[in-house]
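Consider the two complexes below, in which chain A is the common component and chain B and chain C are the respective partners.
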Partner chain A sequence: MDTIAYLKERFEQLQTNPVNQHIKQMRDEAFTEFTQTGIPTVKHEEWKYTRINDFFGKDYHFTTDLKEKAFTISDLEPLQLPGHEEANLVVFINGHFHPELSHTRSEELEIISLQEATAHPQYSVIVKKHLGHSAAYHKDGINALNTAFIQEGVFIHVFKSRTASHPVYLYNITDARNGNIFAQPRCLVHVAQNAQVQMAETFATIGADESFTNQVIELVVEKDAVLDFYKIQNDAPNSKVVTTTHVHQVGKSVANVVTVSLNGGLIRNNLNMVMSAEFSEANMYGLYLGDGQTHIDNHTVVDNRQPNCLSNELYKGVLNGNATGVFNGKIFVRQIAQKTNAYQSNRNILLSENASVNTKPQLEIFADDVKCSHGCTVGRLDEDALFYMRSRGIEEKTATALLLHGFALDILDKINHEGVRTFVEGFITKKLDL
Partner chain B sequence: MNTDTAQLDNLQAPEVELDPIESHVNSEYKYGFVTDIESESAPKGLNEDIIRFISAKKNEPEWMLEWRLKAYSHWLKMKEPGWANITFPPINYQDVIYYSAPKQKIKPKSLDEVDPELIKTFEKLGISLEEQKRLTGVAVDAVIDSISIGTSFKEQLAELGIIFCSMSEAIQEHPELVRQYLGSVVPVTDNFFSALNSAVFSDGSFCFIPKGVRCPMELSTYFRINAENTGQFERTLIVAEEGSYVSYLEGCTAPMRDENQLHAAVVEIIALDNAEVKYSTVQNWYPGDKEGKGGIYNFVTKRGICKGVNSKISWTQVETGSSITWKYPSVILQGDNSNGEFYSVAVTNNYQQADTGTKMIHLGKNTRSRIVSKGISAGYSNNSYRGLVRVGKNASNARNFSQCDSLLLGDKCGAHTFPYIEVKNNTGIVEHEATTSKIGEDQIFYCNQRGIDTEKAVALIINGFAKEVMNQLPMEFAVEAQKLLAISLEGSVG
Partner chain C sequence: MLTINDLRAGIEGREILKGVNLQINPGEIHAIMGPNGAGKSTLASVLAGKADYEVLGGSVKFEGKDLLELAPEERAGEGIFLSFQYPIEIPGLSTTNFMKTAVNEIRKYRGEEELDAVTFLKKMKEKMALVEIDQSMLSRSLNEGFSGGEKKRNEIFQMAMLEPKLAILDETDSGLDIDAIRIVANGVNKLRSAENATLVITHYQRLLEYIVPDFVHVLYNGQIVRSGTKELAYELEEKGYDFIKSALV
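So, the complex of A and B:
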């Protein structure tokens, strides 16, 4: 059976389950859109360098069962981030929210299922307004596919004028111990006015079979709010991940997103910063260290919809082995968005003969009173710097590692949560064999 | 009371000063006129018979006709590309006249025999053949409506073994060279517009520089669309043999028209070992009026190949005209140590759309490329840079530097950059940087402070902005380029 026919069958089956009318309708619209576009192929401009459609040719489980009994708390232990004893936990198993393993520990925020939120007297308005906002930025089918199967998603609300005392940890886990898995986690985060929150998420595949995660997380940042979001990808080579992180700054606010991609089979991150309020600030930092057959693709969009916004973007990558890196950064400055300052930089180091990188920094500007720049470089390690260290008795391997560590540190410094930063740094040190 | 009013008037007087950016928007196309020459044209539309007609008309050999028909059959299978950042109503390819020649029964041997109407046209453009010949020593192969009407300095070039003639002449007289190189850089199957060109091209220029010869003068061709409803399909082929050098100039102006005209040219350059080709363009086709009505659709395929070691191809372009520009002069760096350059100034005003850039394909070892692109947008126009830098698996020690800057004049226009960078070799170093900005108030203020008025200040800044590219133009062209920049942005450039 071909992919679309198979998904259609599963979709129709899903729609027979009782569900809130709003979600049902959203799914319907999304599925119609998906059937028109299908799974994106390399012929799609946004997917030119990243091939995902071959997964769908294989046999895979599309778990619509609500509970994944097989996964237990002992399976979760090795996947935990430091400080998890106090943090708020949101656990997704094969794309489904797992309430038993998840915990809300801070009183400044609330974590409920999307289904509940849609019926909630206070939150239903927010859900209706913001759920699916990312669809306008992704006309490639893969986003619609997630929306078509919204089921057990999560809604996180940070209360007005409160600063979350502990971070929120999101675990996207795929349990591929019994066959290939296709998982589609979905999240909507609402940071209310003057609130602050730090979030960190990880991706993990357990088992030897293949996993494909198609995640969509939409974050709404209200006036005077501050959002810190850290995406840490250190998954198995048998995993494929497509993530869409959609930050919508509806009020004057600050959003910081750091994406660190270390391991995995195929990684595609879509990061959107929609700056809908004047004087907002958005910072996007990315670090990717690929080796083996890893394919890491970062697509970012900054949409400046209002004047006087500032955005900063720095993505750095080191590619070794047969790894491929892709970077695509788009900056849109709409006509009304005068006095926009938007900076973008992408720097790549190729360490091996077979590593390659494809980068496309893109500016689309319709306002005249702006300062926008982008730069990108591809090269190898600075030979002078290497020589400097070699001449002082540092062996080549160590010197290389030191230089790369320094290269990566720029991005690591942007992680404001100490526990998470130390954790990520540990991985990098190990990876660079320092 | 009266004195008070007078004083007030005095105070207000300076404010009447025209905003330089406003006033340039109102500038008119200066080269809009129609030359009245009887044309002998093919009927509208495109089919095999039309291609046979063109081929027969030009008395072409059988292989040429076959080549054209092959291109046509490919073209039929192709779709008009839709990826560029431009919008235009669908072109009816059956509503275009694919061949139109000025009626001239006997081929003139000297300029004196050329139709005086044509000579006048050139005089209005300020590029009189006579004058050019006398003052600048440039050999001009003038093309009006697809047929070469005057070639000068031919004998002088012939002494050195340089062949510089129209494409149709080359097909007759040097078929072996044409057959060897035509379509070797831009194959008939390359893209929609180049396939169309291959099928119907009526004329163009052919240039061959033999081994070890340094062409003593700048070779130049002026293109000009004339008869109404005529698409112009120029084909240019430049071959530089081992150790040779040539600087080639191409410039164009077109008369004012209401109907959109299609222009799909192809330029191919081949540089063998140690050869160098410098190709400069000033493009000033009719850009359409203030409402965006009319104007030329310019869909051009330009590509050069550095086939030999140490060869160099350099593209310089000043794009001020056309309602739509779709043009990516590219270099394939095949020979080791070869060098590719691309310098571009693209100016768009009113409703013009430009999607232009380059491709640098690094295949050989130690290849270098440099891209400098300057976009200036005004009015309601959109100006895009689209470029590709590809470093292949075996292109060790490749080096590229790209810089694309955009300047926005007014808040209704757009500037876009789409740079693609693909690196498959770890010894390559690729750098790209781009900025977008407007003319800063502080810059204007700085000039004002020193007694330079706003209009001159804007001119100064724009000239400075484009200077890096202008400097690459040969002397003969630099003057004209400055003139065109001034016309395109009249009011803001002095």
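So, the complex of A and C:
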């Protein structure tokens, strides 16, 4: 059975299970949307350079409970981030929240299942208001497909006026040791007024079968809150990942998102910064180092819905081998959003003949008193710098690695959590063979 | 030490050096002067091994080895150092890390042990004093946002760290005020010994008041057309390069 037919069957089955009426209705609408729009093909403007529909011909399936149980704490150990003993852990196995491996350790926050949150006296309102907000930004079937299958998602709430003493680590794990896996993790994060939290998420595939992850995480940032969110992608070549990270700044707030993509088969990241409150600040930094056959696509949207907001965006990429990169950065400035400051830059280095990148900045400005800039560069490694270093006795290979490390460093420096930053830098150093 | 014999070289099919001959012995300071476009920087780049330049003929021997056969990093390993006219800015790499890598790669080339951290830091401190730079500058990204004077001082600092046998200073004085020239020249003079040699490339005589050459050569139209002692530099300063041109006609 192909995946589409399998999805239909599973959806009908899913809807017979008892669930909160609101979620049930959302799923229904989303599945209708999915059947109408389908899996995006390269004819879709937003998916021009990233082909995912091919994979859906394969025999992917959701896991049964049995297979999830196959994943144990000892499997988790090598996938842990530094400082995990104190950190709050959210573990998804094949798209399902795994409560036994997950831990809430900081008293400043709470982690519960989405199901529980919908029945919660305080949280149900938040879920109702914000779950599925990203759909408006994605007129393609892939976002709807995740929503259609919401069941064991996670709700994270950071309490008002509290600063999380330890970060939240989110592990998106697919266990492909026993068949092709289609995983759809789902999260809703609520950073309450004047609260602060650092979150880091990773993606890992174990096993040699095919894995496809379609993740949606929606983050709501309230007035005076600060969110740091780090996405670290260092996955296996048999993994394909589509992520949607939707940050909604509903009050004057600061959101810092750093996306580092190092390894994987196919990576497509959608990052939306919806700035719905005056004087908000959004910082988006990205680093991608692709080699082999890796495909890395970053689509970002900044939606300035209110005046006086500031957004900074810098994405840097190095592509080698047959790797392909895509950067698409959209900045919307609505008519009301006067005094918007929005900066965007994308810089790429191509190291081989066969590596390529498609970069496209897009500005849609409807207000007249704004400062917006964008720019992109695609080039080779700086020959003069290379010669300068070699003339000091440094071998070409080492000089190249040092230059690339320097190129990556200003993005790495945006990771405010020292443990995570050192961890990521370790990967990069190893990748550059320094 | 260095023997340049009938060296011809160019860039993009254009011949710039049209048969240069030069002999440099240990302990000597040579100055090459010449008007713009004479081929001064080309000579420096060819000696350091910049790939953009094509050697069309002649030979360069450095301590008996064929220099033109060696990669830039091997030339550095053999003991050649080029102080760049325009030092390159490298974001995200501190001078300290740059030098740590360079010193150890050169030691590796020579079959020597890597320097341990303590010895390296001690050496750094010693050389920093020589060119009057402080630690904060060495922790910053290499040359990024440095003033002209800071860049040139950093070049001489690197030279001090790498202790070359032959240092080539390419227009080290360009864009520097008198104080910066004095500091840079002072560093070069302190590094001078009976075993090493210096080749100063300059447009003006000014730098040669501080780094006094044993020999002065005039490079004009890709050839050394006159050689002499430091008095030749004064003569050039006084009469200008036109006097060379008219003497040749």
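The working rule: the second predicted complex is superposed on the first by the 425 of 434 C-alpha atoms of A that agree within 3 Å, B and C clash if a C-alpha of one lies under 4 Å from a C-alpha of the other, contacts with A are read in each partner's own complex, and residues count from 1 in each chain.
Note that contacts are C-beta pairs under 8 Å (C-beta built on N, C-alpha and C of every residue); 3 or more make two chains touch, one makes a residue touch a chain.
Computed from a predicted model, the values in this text were never measured in an experiment.
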{"item": "First (chain B), second (chain C), both or neither touched by A:L79", "value": "neither"}
{"item": "Chain B versus chain C as contact partner of A:I4, first or second or both or neither", "value": "neither"}
{"item": "Touching partner for A:Q335 - first (chain B), second (chain C), both, neither", "value": "first"}
{"item": "Partner chain(s) touched by A:L403 [first = chain B, second = chain C, both, neither]", "value": "second"}
{"item": "Partner chain in contact with A:E353 - chain B first, chain C second, else both or neither", "value": "first"}
{"item": "Which of chain B and chain C A:Q362 touches, first, second, both or neither", "value": "first"}
{"item": "Which of chain B and chain C A:L314 touches, first, second, both or neither", "value": "neither"}
{"item": "Which of chain B and chain C A:C376 touches, first, second, both or neither", "value": "first"}
{"item": "Dominant toucher of chain A (residue count), chain B or chain C", "value": "B"}
{"item": "Residue ranges of chain A in contact with chain B within the complex", "value": "45, 335, 338, 348, 350-353, 355-380"}
{"item": "Interfacial residue positions of chain A with respect to chain C in the complex", "value": "382-385, 387-396, 398-399, 402-403, 405-410"}
{"item": "Residues of chain B touching chain A in the complex", "value": "83, 391, 406, 408-438"}
{"item": "Sites on chain C touched by chain A in the complex", "value": "48-51, 71-73, 75-77, 81-82, 84, 87-88, 90-93, 97-98, 101-103, 105-106, 109, 141, 158, 162"}
